[in-house]
Amino acid sequence: MKDENKAIDDAVDPSRRAFMGVAAGVTAAVVAPGVLLHAVSAAPRSEAVTADVRWGLLIDTAKCVDGCSACVTACDQENGLDLQSKPEGQPPLKWESQKAAWIRKVKLQDNQTGRVTTLPMMCQHCEHPPCVDVCPTGASFKRADGIVMVDRHLCIGCRYCMMACPYKARSFIHEEMHGQLTAVPRGKGCVESCNLCVHRRDFGEPSTACVDACAAEGHQAIVFGDLKDPASPISQLLKEMPSRQIREDLSLNTGVRYSGV
Amino acid sequence: MAFLTNFYVFLFYFAALVLVTGLIFKIAQYTMTPAPLKIPTTPAPTTTHGVVLRMTREVVLFESLFRGNKWTWIFGWMFHFGLLLVTLRHLRYFMEPVWFPIQLVQPFGIYGGMAMIVGLGGLWARRFLVDRVRYISSPSDHLILALLILIGCSGLLMKFVFHTDVVEIKAFFLGLYSYDIQPLPADPLLLLHLFLVAVLMIVFPYSKLLHAPGLFFSPTRNQADNPREVRHLAPWAKQLEQK
Amino acid sequence: VQTVQAEDVKRYVVEGSRAAGLESCVEPTERMRRQHMEFIKHQRIATVHEGIRTEKYSLSGCVDCHISYDQERVPRPINDPDQFCGACHAFAAIDLNCFDCHAAVPNGARLDATAIAAHRAAGVGPLVQSRRDGEDR
Amino acid sequence: MKRIVYREWRIPPARYWGILGILAAVAGTAVLAFGYMEHTGHWVTGMNNSVVWGTPHVFAVFLIIAASGALNIASIGTVFHKPIYKPLGRLSGLLAVALLMGGLLVLVMDLGRPERLIVAMTHYNFSSIFAWNIFLYTGFMVIVIAYLWTMADRQGGPFNHPVGILAFLWRLALTTGTGAIFGFLVARQAYDAAILAPMFVIMSFAYGLAVFMLVLMFTFRDEGRPIGPKIMRRLKNLLGVFVAGVLYFTLVYHLTNLYGAKHDDLEHWLLLSGGIYTFLFWIGWVLIGGLLPLGILYHPELSKDRNWIVAACALVILGGLATLYVIIIGSQAYPIQMFPGQTILESGFLDGVNGQPGPYNPTIPEVLLGLGGVAVASIITVVGVRVLQFLPESLADDVVPIDEETLSEEAFAKPA
Amino acid sequence: MAKATFVVPELTQYTEVPAVTSGAMAHSLPFVSKPEFQEPLGFPGELVDDWQAKAIDKMDDLLGKYRSLRVYLDSCVKCGACTDKCHYYLGTSDPKNMPVGRQDLMRKVYRRYFTLAGRFFPKLVGAEDFTKEVLDDWYSYFHQCSQCRRCSVFCPYGIDTAEISMAAREIMDSIGVGQKYCNEIIAKVYKIGNNLGLPGPALADTLEGLEEDVFDDTGVKVRFPIDEEGAEILLVTPSADFFAEPHVDGLIGYGKVFHEAGISWTLSSHASEAANFGMFIGSYENMRRVSQRIREAAIKLKVKRIIFGECGHAWRVAYSFLNTLAGPWDFLDPRYPVPQHICEFTHDLIQRGKLTFDKSENDDKVLTYHDSCNVARASRMGDVPGGQFDIPRDIIRAVCNHFYDMDEDTIRDRTFCCGGGGGLLTDDLMELRVKGAKPRLDALNNVIQEKGVTHMAAICAICKTQFSKVLPYYGMEMDQIISLHQLVGDAIVLTPGPDDDAEDDDLDDEDDLNEE
């Protein structure tokens, strides 16, 4: 039986390797640019993450542009959120309130001064995350490197974490999913939220999708980095400019900071 | 390996033969023996329809036992219900394609297995702890419990600790239908499990396990309470009449 | 529904998959047949909680190696009842819900327009596009 | 003291199976509703990413706290030495278990991944009050069953009092725990109140007693067993006290919220401009669940009429559901205040743009699921009283024990 | 109080399950039957030579005839649910009095001779040869079962130890080991027509006396006819009703009810016994022979209906077996079930408002009711299951003001046997009878203490005899047990018949004379 299986289709084989991103045969070179970039530069992590780093974002609302939503689109693409489709028969407005969103654009007006600010909101990666405290199964957890995420193998879909999150950062998958990305599995009945592009973290990439997109748009409103490393750009910037956490009163020590609100 | 496989092939053909012929013989014997008098334990249903309902309650809920002894009922029911689930789950080894309800029952079968062990444990404990039950227990009563517990534990160990090759097992049993011998994985736990199962099959028609068919033939439970309306006469009693 | 005769239940490795051309799985086959669920379950904890991505038991690794393709070179979802995971699990009546969430075909990041054009030019268009699980087909 | 005789509920089989059939039908539709929600996903419900807990949770929480309240009757008898309540103890225990089962079932059926229930039972996060509640609930079940045993079995007699006390304490912990599910949600303003936990306790007393009285009166009337005016008067007065208690805590709750300026806006919204929530607060919570029943229960004439007492109990239950609707759903609908002093003009998500509440409209499957929980609780109760000796044969005045605070211990040593 | 050669147990508030005491009742056995009582029944006079082989043959024969026996011997799983259900175990703590213990006496023999496992591995399954010791055990313990069927209620397979006891007694009879009490009585029935051996003329005398007594009491002429051809109803009642207290008060009650119903009735001297002891010895043939007498009497007297008086075992045979043993009854009035119980008859009249009662006549009593086991668990009254519980209670409530049930677990189909049923109502078994009555009397004592009950009504001749005998052992009065129809008779308001006046005058005259 084995022998039969050995009869492989030679023509297919090399290109299949290309997807693996291991070998760079002739075909692979042709296919390469789009596909391989990401994979080749990746050095998959082989040791457990440690608390030596703490990932965070700094958002300079002054640079964030009204009308721009590049970061949102990028996140949707990166994490396959745009693969969600409205179930047939669901009114669009209701669907809006039900589909998952990891990052959203918010426009604020100060009641006193009338000043308008726009900023992106995502999971704030709290140091003392209420969502983790309340989760009955421990599915909601904080990785050693500060990323707060949901282990969807444990999540029972109780939505208590959503009740607890002060930032409405979490979404529940209300419908069946198809065509998920390999890197971002997703399925009905679990809760999820921004995980600071965790697959990028583990493959050693330098930034997140939203940061890249903002930079690509030329706004540079979001900076990603290690909050524990005093030399990292984010730490430098935080030292330079005044910033704050949203809902500071809750003392959650968020990993996402805002300046200019 | 080949020897093992052949041994088990023989064992299961033999066990199945004993089980089936033994049961058929016993059931035929029960069917053929008349119940000359109406002896339902009253209050009893007065119609056949009612008898079916009563019997269903006895078989499914162990109603009389519930009234008789709550502890025994809890453990006994746990064991039997667990056994039922386990049996349903096991049907996957014997059919291809697997029926949809059997697919659905798979995960519950595992809990059934655990419930079965707990139930059996409770039943066994009672044979030591309650003096009256200790008095009526003979070695065979203990052995059957031990046998079932061993079967259950070996099964659960296979499920949770020492996995075996389920697919090959299924191939083995499907092969038995068409005398097409497939190798049996030589995992010791599996061999133990299967050996004990064969023993169970062999003793079934010759032991108190006959209670399962017996219940259906018990006149105190399966008769309708209508002696004044319908004259009930056994064949041998009819002969007396002609004298 | 596929009826498997007793003699051909032995191997599930699908023709046309990369595995079909290899000697053995990431562990000896006998071991894989008994233990694969333990391996991947262990892997998933390591990956999700500790960020370890190099272990050999990655689920996406299984999919990559065991996936097969139809005539159009489009990969067939691995949990289809006639595919590697799906066939065996249907035979053994084990619910395989991993692919509720996980991609059942290799499905990498999205390509941009230029890359797609390049692939077309190279004649591997359908193959590559299909990585979106038919999304762009 | 006369021995109290307990007897199975011996209504005619046709009626018994009829009742069971109806209940099973309700439970069956709930199963269908569950299957539907489970199969299609939660998008068919009214729940969304802003209002994440909906109607099923209203029913579930109601049933759970009513469970704890139902046990109150047994506690009064055992722990507080009011012998007049002793004959009611068994039914009280049974109802507690039944209601809890019903409530939990609804909760489980609403999970996004109900098939992972086993995960919830094998993985615990002990910083989660939810995880603690799993222990509180299962523990409650075990303790109440033990408690029932001490009430029903002669050998259990000596343990009756200690187990009763344990059950009593456990019950308080359980209601507090249920209340704390909300109490710990610092994110949501409405829940940010220490008074919530005691308020849940008094609510549980009221709802549990109302359910208990309805069941008691129904089962007794159906089989023609007598309930004397003495015990009826006691029960209805007790209900009155609890209902008044709920109203009192409501008042305090809103006063403290108004006092702390930080919740002004919330109070304004809820009490005046919250639309359906304002309506449910005033009409459901305050009027139907509070003032009307109080009026009936303390009315010199009406309060003597059994039908009016039934009506009062029903109103308390309806009002209770409204109360929980306001507490659970209203508080989610009210937008989270993330940016004090700022108004949200636009958002990619329902963030309370211009202070809008989150959208939520209950759908039929949700309601069916909730009713299914009620049906399951009823089925357990009906089957329970039918097959076991839960109901006293009579509660006529000459049978129920005299209620003397000072009755000697001996009276309790031998439970009937 | 009767003097006892054994320790009478203390009544307790609840019947506790005693710890097992092996052999506690091994000494208890009834007198062995003499050849003269054996032979009329068709049994050998004394133990036959090859008794062992004969017994096994007989067992084989019965296994082929009775499915109950076969299934029950196979099915028991030793679950133990029945172990604490038998009143004899509860009263004596002898494990062989646990129903399953009793069955095992036969089961071990069955296994030894009829099953593979028992033939090859006797030790393993507890099989034993049928030795003399085993036979002695049989004789002792199968005469410690009152065939009350309480065990069968709780057994998950409905295993009825009574069936096994009957089979065992039949096997023993067939090898010449019979019990004197039963077999002597059956012989008497064949010879004379009733258990007590009261010949026809004596009966007629007694009944005449009764008529006079009733007339003296009430001033109404209530008839107690015997052997009256063409009567509507044939009443078959236990012979104890003819003279013994409290039975006879029941008979008076029946007479008054018939009188009020205005339906003609008669007793029969040929079938002057309702109880059928053939059942106790498990002998289908003898049971049939006894039953046939009723058929013969009914045909001879040309009655249209048959009604049975108060007797538990009699009612079982009548209700459940009579149609089988002596049917078909197509010559009787098809509008009425055959046979009917006197309670069904009375109840029906009450329902239709045909009877008037003065309940206060019974105000001196606070009642409870003992469900006789063979009525409760082996037969029925009325047309719905459970009628045998409700009909007697309805009657009591209709004629008395004060009625309380005993503990729920000891009434209805869970009722405890009086301790004297099943052919054990003989003085040679007094110890067993006293001890076996304990569970019932515990419950009775409870309602006496708590509700002030003074009397217990019953509808079984054996119960009444047994209680009047054993109540004194426990410090109660023998007259605390009464017939249900005594209550009816006491409360019933009689309508004077057409011929009463004349005699009334006579009576007045007599009275006048007496006064003077």
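Here the chain labels run A, B, C, D and E in written order, and each chain numbers its own residues starting at 1.
Following the convention adopted for this analysis, a residue touches a chain if its C-beta (ideal position, glycine included) is under 8 Å from a C-beta of that chain, and two chains touch if they have at least 3 such contacts.
Since we're looking at a predicted model, the values are computed, not measured.
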Quiz prompt | Set of chains adjacent to chain B and to chain C | solution = none
Practice problem: Treat each pair of touching chains as one step and give the shortest count from chain A to chain B. | Solution: 2
Practice problem: Write down the chain pair with more C-beta contact pairs when A-C is set against B-E. | Solution: B-E
Self-check item: Inter-chain centre distance, chain B versus chain E - centres from mean C-alpha coordinates, in Å
Solution: 39
Quiz item: At what distance in angstrom does the C-alpha mean of chain D lie from that of chain C?
Solution: 50
Quiz item: Taking each chain's centre as its mean C-alpha position, how far apart are chain D and chain E in Å?
Solution: 54
Quiz item: Any idea how many Å lie between the Cα centroids of chain B and chain D?
Solution: 43
Quiz item: Residue numbers in chain D touching 2 or more other chains?
Solution: none
Quiz item: Listing for chain A: what residues touch at least two other chains?
Solution: 176, 188, 190
Exercise. Provide the list of chain B residues touching at least two other chains, using ranges where the numbers run on.
Key: 107
Self-check item: Parts of chain A lying in touch with chain C, wherever the complex brings them together
Solution: 1-2, 4-9, 12-13, 15-16, 19-20, 27, 30-31, 33-35, 38-39, 44-49, 77-78, 83, 141, 143-145, 149, 151-153, 176-183, 185-188, 190, 198, 201-203
Exercise. Enumerate the contact residues on chain B facing chain C in the complex.
Key: 92, 96-98, 102-103, 106-107, 163-168, 170-171, 174-175, 178, 180, 182
Self-check item: Footprint of chain A on chain D - complex, ascending
Solution: 40-43, 47-50, 52-53, 111-114, 116-117, 119-120, 123-125, 127-131, 134, 181, 184-188, 332, 336, 338-339, 341-351, 358-359
Self-check item: chain C residues touching chain B - in the complex, by the definition given at the top
Solution: 1-4, 6-7, 9-10, 30, 33-35, 37-38, 88, 90-95
Quiz item: Once bound in the complex, which stretches of chain D touch chain E?
Solution: 2-3, 5-8, 154, 389
